[in-house]
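Have a look at these structures, which come just after this line.
What follows is chain A paired twice: with chain B in the first complex and chain C in the second.
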Partner chain A sequence: MEPKRHITVIETASILVSTIIGVGVLPLPLFAVNAGDSGAPLITFVAVLFATVGVVLIAVLGMRFPEQTIVQYGETIIGKWPGRLGSLLVIGFFAVLTSLTAREFGEVVVTAVLKKTPVEVTVIVMLLLAALSVRNNLTTFSYIHYFYFPLLLFPALFIVALSLKNADVQNILPIWGNRPVGVTRGIITITALFQGSFILTSVIPHMRRPEYAMRASMVGMLVAGGLYVIIVAATVSVFGAEETKKLLWPTLELAKATSLPANVLERLDAAFLAVWVTAVFTTLLSSYFLTIQSASQLLKLKDHRMFSFFLLPFVFVMAMQPQNIVQMYQIIELVGRIGLFITIAYPAMLLVVSILRKKRGERVDDRSNP
Partner chain B sequence: MTTDRILKLGRRLIVASFFVIALTGCWDRLEIEERAVVLGVSIDTASPEAEAEEDEVSHLQGSQPVPSKDMVRVAVQIALPGRIPLGPGESGGGGKGSAGQTVWVVDVVGHSVDDAIMNLQQQISSRLFFGHLRVIVVSEQLAKKGLENVNDYFRRNSEVRRMAWMMVSKGSAKDLMVAAPKLERVPTLYLMSTLDEGIRMGKFPKDYIGIFWSNSSKKGQEGFLPYVEIKKEQNVEVKGLAFFRGSKMVGKSNPLQIAGYLGVKGINPAGYRVFVKLDGAPSTVMTAAAHRSSKIGLRIRNGIPVFSIQIAIDVNLEEKMGDKIHINDPKTLRRIELLQEEGSDKSYKDFLEMTQKLGSDIFGFGEIVRSKQPAFWNRHVKSKERWQEMYKEVEFEVSTSIKIRRIGMKGK
Partner chain C sequence: MSTSASLGTFEDKIAYIEGKCGDNGDFSARRFQVFGRYPAALFGFSNMINPEMLNTNVLRPLMYRPLQLDDVDDLPPERLRDVLINDSLFFSQAKIEEAPDRWISGLVHGQSVVVIDGLEGAIVVETRHIEKRGIEQPLTEQVIRGPREGFIEMLGTNLSLIRYRLQTPEFRVHTMEIGRRTHSSVAICHIDGITNPELVNEVKRRLSKIDVDGVLDSGYLEQYIEDNHITPFPQVQYTERPDKVVANLLEGRVAILVDGSPLALIVPTVFSQFYQTVEDYTERFLLMSAIRMARLVALMFSLVFPSLYVSIISFNPELIPTEFAVAVAGGRAGVPFPAVVEVLIMEISMEVLREATIRLPQQVGGALSIVGVLVIGQAAVSAGFASPITVVIIALTTIGSFATPAYNAALALRLLRFPLVIMAGIFGLYGVMIGLILIANHMLSLKSFGIPYLSPLIPGNFQGLKDLLIRGPLWWMKKRPAFLQTIDRDRLGSNTPPEREARNVLDPQKIKNKQER
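Coming up: the complex of A and B.
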C-alpha cells in the first residue's frame, strides 16, 4: 500500500479531538473533584498541559521521521529488538484500552438506558462496529473522524452552555480548591484520558505536510482540552464539588438536570447519550485502528485488515474481565497510569535517543503531489 | 487465495453483525401501555404493626434480615393510559372531583423505599416507570427521622429527573396523593404547578430535588424543602420552608418567612405583600414587593465571620385601610418606607436568628466563607459538622432599603 499523503492539518486536528473525547467525559468531573474539590477545573487544566507534552513529543518524533510510524522508527532509533519490544507494549496497551473503552461504554448503557440488555451485547456491538470500520484505509478513517467531529463538538458545547443557566460561580471558588487531596493522582488519571492522542503517530506519515503536525496537534489539544475544562467547570458550578463527588457520571447527570428553554425537552440526557455514543465510537475506532495497524507493521504485513477480526475475540474477552463496575474503574485508573509510561515516557525516551544518536527519517520531497 | 477467504468470511460476519444490531433493540422494548407511569410518590412513616400487612417479597424471615422495625408507607400515583386528556380540546368526563379519574393511587408498606416499591410491583402487572415522576411528598414525621434512605433511592435511580419536586407535608403525605384539586386533570401536575407558579410569582425559590440534593451536600449550606398542607377544598397551601440539617428536618418557617429567604438571597421576581402600620389601625397600608436585590459582604472579626446583608426592595403601594392619610405626599411615602424598613430589618434578623438556633444554614453563608475566605475556612471550619456549630455564632448586620415606586391608579 503506497502511503498517499493527503490528510490535511484540519483533518488531523479533528482526528485528535474526536479520538480524545470519549467515554472519559462521563466520570471526568468525578475524577477532578476527588482530587481537588472546587479546584477541579484547574486540576483538569494542568492535566491537559501534561497531556499536551505527550502529544508534542509524538508530533516532534513524527516530524523527524515523516515517513514512519512509531513502530517503524522505534526500531531505527533504539535498535531492532528493543524497538520491537516497545511496539509490542504499545500494541498490548491499546488493545487493553480498546477493551476497557468498550466495557465502560457497555456499563453506562446498561446502567442508564438499556437496563435489561446484557452488557456483553452492548460491548460486542460496539466492538463489531469498530472492527468493521477499521477495515477501511487511513483516508476513509480520517474522513469518518472529520465527519463526526462537528456532530460531536457542537451538541456537547450546546448542552454545556444550556446547563450554565443553573450554574453558580461560587461553587468553583476558590479556584485552587479548599483541601486538595491526591492532586497528583487526579492529574495522572485525567491525563490518562487523553491517551487516544497517540493515534497521531499513525496519521503523520499520511499527512500532506507532516511539518504541520505540531500545529494540528496544538489545535486538537486546545479544542479537546478546552472542552474538558469547560465540562468540568460547568458540572462543578452547577452541582457543587460535594454533590459531584456523590455522582458516578456527573456529566450525564448534568445533561439530566439541563432542559431546553421553555421546557421543550425537560432533560437532555438522551440527547447527550446520542452524542456520546458517537464519541465513544470514534475513540474506539482510533484505538482499534492503532492496535491493528501497529501489529501488522510489526509483522511487516502490507495490509492491516487481516487483524481486524482476529483481534476481536481477544479484545472482547479482555473487556469482560472486570467483575463489577467498581473494579472496572479501579482497573481503568491503573491501566491509565501504566499507559502514561507507554504514551509519554516511551516517546520521550525515543526522542532523546534519536537526538543523541542523530537519527532522522527521510524528508518528504514532493509536497505538492496529492 | 487466503485474502479472498478472509474477505468472504468478513462479508459473512458483516451480515451476522447486522442481525446482532437489529436484534439488540428488543431487550428493552417496553410499549407505553405496558408501563405503569408513576407521576407522584408519597412516603409516610408506618407503625411497626404495619408489618402484618406486608408479604415477604424482598426478604424472608430469618435468612434475609430486615433492616429495622421502622416501616414506611409508600403511595404512588399511576397515570391511567388513555384517561389523561392530551389537549384543551378533549373535554372528557370532567366534573367529578376524585383522583380516581385520571390516576390510580395505590399504597403499600415496606421496610425501606425500595422494599415498598418491590412490594408494590408484586401487586401491579405493569412495570413501574419513574421517568415521569414529578412530585415526591414525604411526611413531616419521616423528614424529622431523616431522609437518607429516600435521597439515596431516588439519586441512584437513573429514571428520576432532577427537576422533580420534593416536598414535606404537614400530616399524612398520602393525602396529597389522593387529593384531586379541580384546576388540573392530573393531581400531581397541580401540586407541581403550585410550586412552579410560586417561582414565577416570586413566592417561592427554585428548589427542585436536584437543587435540594446539591445544597444538602455542600459543606457550608443546608437544604430546605417546601412545607405544604392540604386544605379543605383539596387545595394545597405552601406553608413555609422545611429546614434541614444534613438529611434531617429540624424546623419550619411560616409563609412570610419564605419572603425573608427570597429577600436575603435577592431572588426575583418579588411577590410578597406586607402591612405597614402608620399611627394606628385606620391608617395602615399594604405594599407589594416588585423587585429585590441583595448584597452580602463578609469579613472576619475576632475569629467569627460577620455578614453584612444589604437588601434593597422596590415596592408598590397596593392598599390603604382608611382615609386619614394621603399618600400623594412624598413625606408620607418616605414615612411608609422608613417604617417598612424598620419592620423588615427586624423580620430578617428574626428569621436569620431562627435558622441559627436550628444550626441550619439554608442560605449558604458557609459557602460564601468557603469560597471567599478559603484560608479562614481551611483553618477553622473544614467540615460540614463544624460549620453547623459555627453558624450558630456568626453575626449578621442587616440593613434594608425600601423604595416605593408606584401607588396604583388612585391619586390619593
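Coming up: the complex of A and C.
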C-alpha cells in the first residue's frame, strides 16, 4: 500500500538539518570557546568539515546500497556476525544518545524555566513525546521533519539578528584564537554534535532518487553547519571569549540578553526555549527512530512500532544515570568521542571493505517505480 | 423472489399487494375498468402522490379509450400492453414492471401501481409528490458576495441546483441506495475527465460497504467513510452551498448527496479547505488574501491564546513588559484561583453559554445571550471569579473560534484548547509546545483518501502554496490542486487574460485631441 520511495531531496535535507540542530546548540559556544577562545568560530568551522566527511561517507555507502539500511548492508559487507555486532553497537549508541539528549534538555528546562519541576518529569515527557511520534511510518517521519524545519531555523537566526545590536567584532579577533589549548579535543566534541546525521542511513532506502543523497547531505550540512558557525560567532562577539567560558548555556544567555524592539516581549529566553522544544524533539525523534528501526531490522521484524514503548524504560533509566549537570557533560563528551568511532569510523571501515570486496547493492530503477 | 408468473391471476396480484401494504391507513386501493372492459386496480400511498396528476394523467387516459383507437373494435389482451404504453398513457415516467417486489419498492417510494387483468406485470407510474421547503439562503455559510442559494432536503432539487451551475454532460451522478430500512438515495457526483477514476471507485467502494438500517443525514455517511475515526479533525467537508460543491467538483473532488439532507459531503478534504470560503474567490484577491490571513490568526487564537496566557501568567511573567505584568497582577489580586483554574472555569461557562444559545428557541435566545454576556463579563469580574484580562482573553478566543468558516473544524480546535490549557497549567510554555507538537504530529499523520492532511504545505507543492495562506489571483492558479491527481490538470487556457494590453478608450487626453482637431 505505502509507496516505498517517496522522500524528496528537500525532505532529506530538512531531516538532516532538524536532526543535527538540537539541544547541542545551547552549550555549543562554550565547547568552542574552551577549545580556542576567540578562534571559536574557526574551530566550529573545522568541526563542521570533519562532520561533513562523516556524512559523505554515509551518503556514499548509502548510494552503493540504495535498497538497504546500514543494519542490512553491514551484514552483507563484513559478514553476518561482525555486521550484527556493528549494528548492535549502533543501536546501543543511539539509545544512549537519545537518553542523553532527553536528559540534557530536561536539565535545561528545569534550570531555566520550570525550577520546581523534578528533572525526571521533563525527561519522561520528552521521551514519551518521541515514543508516541515514532510510531508513525517513515513518510510521516519525513513530514514531521519538513514541517518543523522552518520552526527551528528562523528563531535561531532571529535571535542572532537581534543580538547583533550588542555585538562587537573585536571579540572574535584574532580569528585563529589567542592561546588555543585543547583544539583537537574541542573539534572532536563539536564534531560529535553532528552525530544525528547518521539518520541518513535510514532515509536513503526510502528516497525517491537515492543518487541525490549526496546533494541532500551537502545542503543539510551547509545549513546546519552554517547555523552553528553563525551562532558561535554571534555569541562570542556579544559576550567575548572569557565571559562565554563562564556561561553554561551561552546560546540561551544570548536569547536572554536580547529583547524584541518595541518591548513586545521583554526577554526571549523562555520563548526561545519553548520554540527550541521542537528542535530537541526532532533530534530525539530521529535518534529514537534510528534506534528502534535498527533494532527491529536486526531482529528481522516487519513492524518497528512494538519497540517504541518497550525500549522506553531502558532509555529513561540511562537518562537518569548522571548524578548532576557536570557529570552529565563529562559523560556526553565521553559518549560523543566513542560515538565518532561508530558514526564515522564504522561507516568508513564498511566503505573500504565494500570497495575491496567489490560489494554493491542492487541499483534501483526509479523509472519503473515512480 | 416471486415473479409475476407465479402470481398468476389478476386477483392474486391484488392480494399480494394488499398483503404487503394493505395494513397501512395511508394506503389506497381503487378498482376500475380500463377502457370500460378490463378490470384493473390502482394502488398508492395517498399522501406521497399527487392526486391531481394521478386523476388527469393516469386514471382518465386509462378509463377512456384513446381517440385514435376509436375505430378499432376489439382490443385483444395481447395488444393491450402496447396500446397502454404507446397510445394511451401520456405520462413520461411510466413503465411495465414484471417483478412484484419492484412494485412494492415503487409504492413506498411514492409511485403508483396499476394492475390490469390480462396484462403481464403491472404499470408503475412516477407520481411522487412530497412537500418541500423553498430554496433559501444557506444559513451556516453566509456570504456577502456570491450566490444566495442553498441546498434543501430533496435530492432531486439539489442535483438540479448543481446541474444548473455545471451544464456539461461530463457531470456524472451515480445513485445508490443505502440503509436497509430507509432505502435512502445517495448520489455520488463527479466530473468525468477531471476527477481521478480511482477516487470515484474508492468512494463507491466505501459507500457500498455501509450496511446500516437507516441513513438520516449525510453526517451518518461521513462517519463511515472517513479514514481516521478517533481524531478531532474532520476529514470530510460538508457544505450547503451548491456553488461550493461545483467549485470542488471542478477541482477534481467527489461530492456525496443524500436524499433528506441539505448538506453535501465533499471528499477528499485537506485542512486548508476549512478556513477557505466561497467569498475568497468572488471578491478581489488582494483584499481576500488579507482577510484569509485574519482568519488564520483567528484560528490560531482560538487554539493557543488561553494556554499562552496561562503559561505566561503562571510561569513566565518576566516575558511581558513590566508595566503590563504589574497591571495583570493587580487585576488578579482578588481572584482566589490559579490562572489555569480561572481560565478553565471561564472557558467551560462560555461553552455552556454557547451550547445554550444554539438550543434555545429564538425568542428566548436574545435574552439569554444578554444575561450570559453579563454573567461571563461584568459580574464574574466584580464577583472576584475572574480577572478582567482573563475575560478579554476568553472573549478573543471565542470570537476567534467563530471566525473559522467550517463549524466542525472550529469545534476541533475548540476542543483541543482544553488539554492545551491544562498542559500550560502544569508545564508552562514548555507544556504548550509539547501539546502543539503532539497536535501537529497527529495532523501530519492524518490522511483523507490517501492525501496528507496538510497538503499542499506538507508535502510541499509550489502551485498549491498560491492558494494556502493567501489567495493568489485567479490567473495564477493555472492548475488544479496537484494532490488530487486529476486527469485534466489545467484550469486555465494558455493565454487567458488579465487584459495585458488594456486600451484606454476613454482617455480624456485622446478626447481633447479629437475635439481640437
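In this text, the second predicted complex is superposed on the first by the 362 of 370 C-alpha atoms of A that agree within 3 Å, B and C clash if a C-alpha of one lies under 4 Å from a C-alpha of the other, contacts with A are read in each partner's own complex, and residues count from 1 in each chain.
One rule holds for everything that comes next: a residue touches a chain if its C-beta (ideal position, glycine included) is under 8 Å from a C-beta of that chain, and two chains touch if they have at least 3 such contacts.
None of the values given here were measured: they were computed from a predicted structure.
Once chain A of one complex is fitted onto chain A of the other, the partner contacts of A:F239 are limited to chain B, with no touch recorded for chain C.
Once the two complexes are overlaid on the shared chain, A:I124 sits against chain B while remaining clear of chain C.
When the two complexes are overlaid on their common chain A, residue A:Y329 makes contact with neither chain B nor chain C. In the overlay built on the shared chain, the residue A:I144 is in contact with chain C alone; chain B does not reach it. When the two complexes are overlaid, the chain among chain B and chain C that reaches more residues of chain A is B.
Legend: residue contacts after superposition of the two complexes on their common chain; A:A257 is shown touching chain B, with no touch to chain C. In the superposition on chain A, A:L114 makes contact with both chain B and chain C.
By the document's definition of touching, of the two partners only chain B reaches A:F309; chain C does not. Of the two partner chains placed by superposition, only chain B is touched by A:L173; chain C is not. In the superposed pair of complexes, A:L265 makes contact with chain C only, with no contact to chain B. Note: residues 113-114, 117, 122, 125, 129, 132, 266-267 of chain A belong to the chain B contact set and to the chain C contact set alike, using the contact criterion stated above.
Here chain A touches chain C in the complex through residues 8, 10-11, 109, 113-114, 117, 122, 125, 129, 132-133, 136, 140, 143-144, 146-148, 263-267, 270-271, 273-275, 277-278, 281, going by the rule given at the top. Interface of chain C with chain A (complex): residues 315-316, 318-322, 427-430, 432-434, 437-438, 440-441, 444-445, 452, 454, 457-460. Of all the residues in chain B, the ones that touch chain A in their complex are 3, 6, 9-10, 13-14, 17, 20-21, 24, 27-28, 155, 158, 161-163, 210-211, 213-215, 217-219, 364, 367-368, 370-372, 374, 377-378, 382.
On the chain A side of its complex with chain B, the touching residues are 38, 111-118, 121-122, 124-125, 128-129, 132, 135, 166, 170-171, 173-174, 176, 178-179, 238-240, 242-243, 245-246, 253, 256-257, 259, 266-267, 303, 305-306, 308-309.
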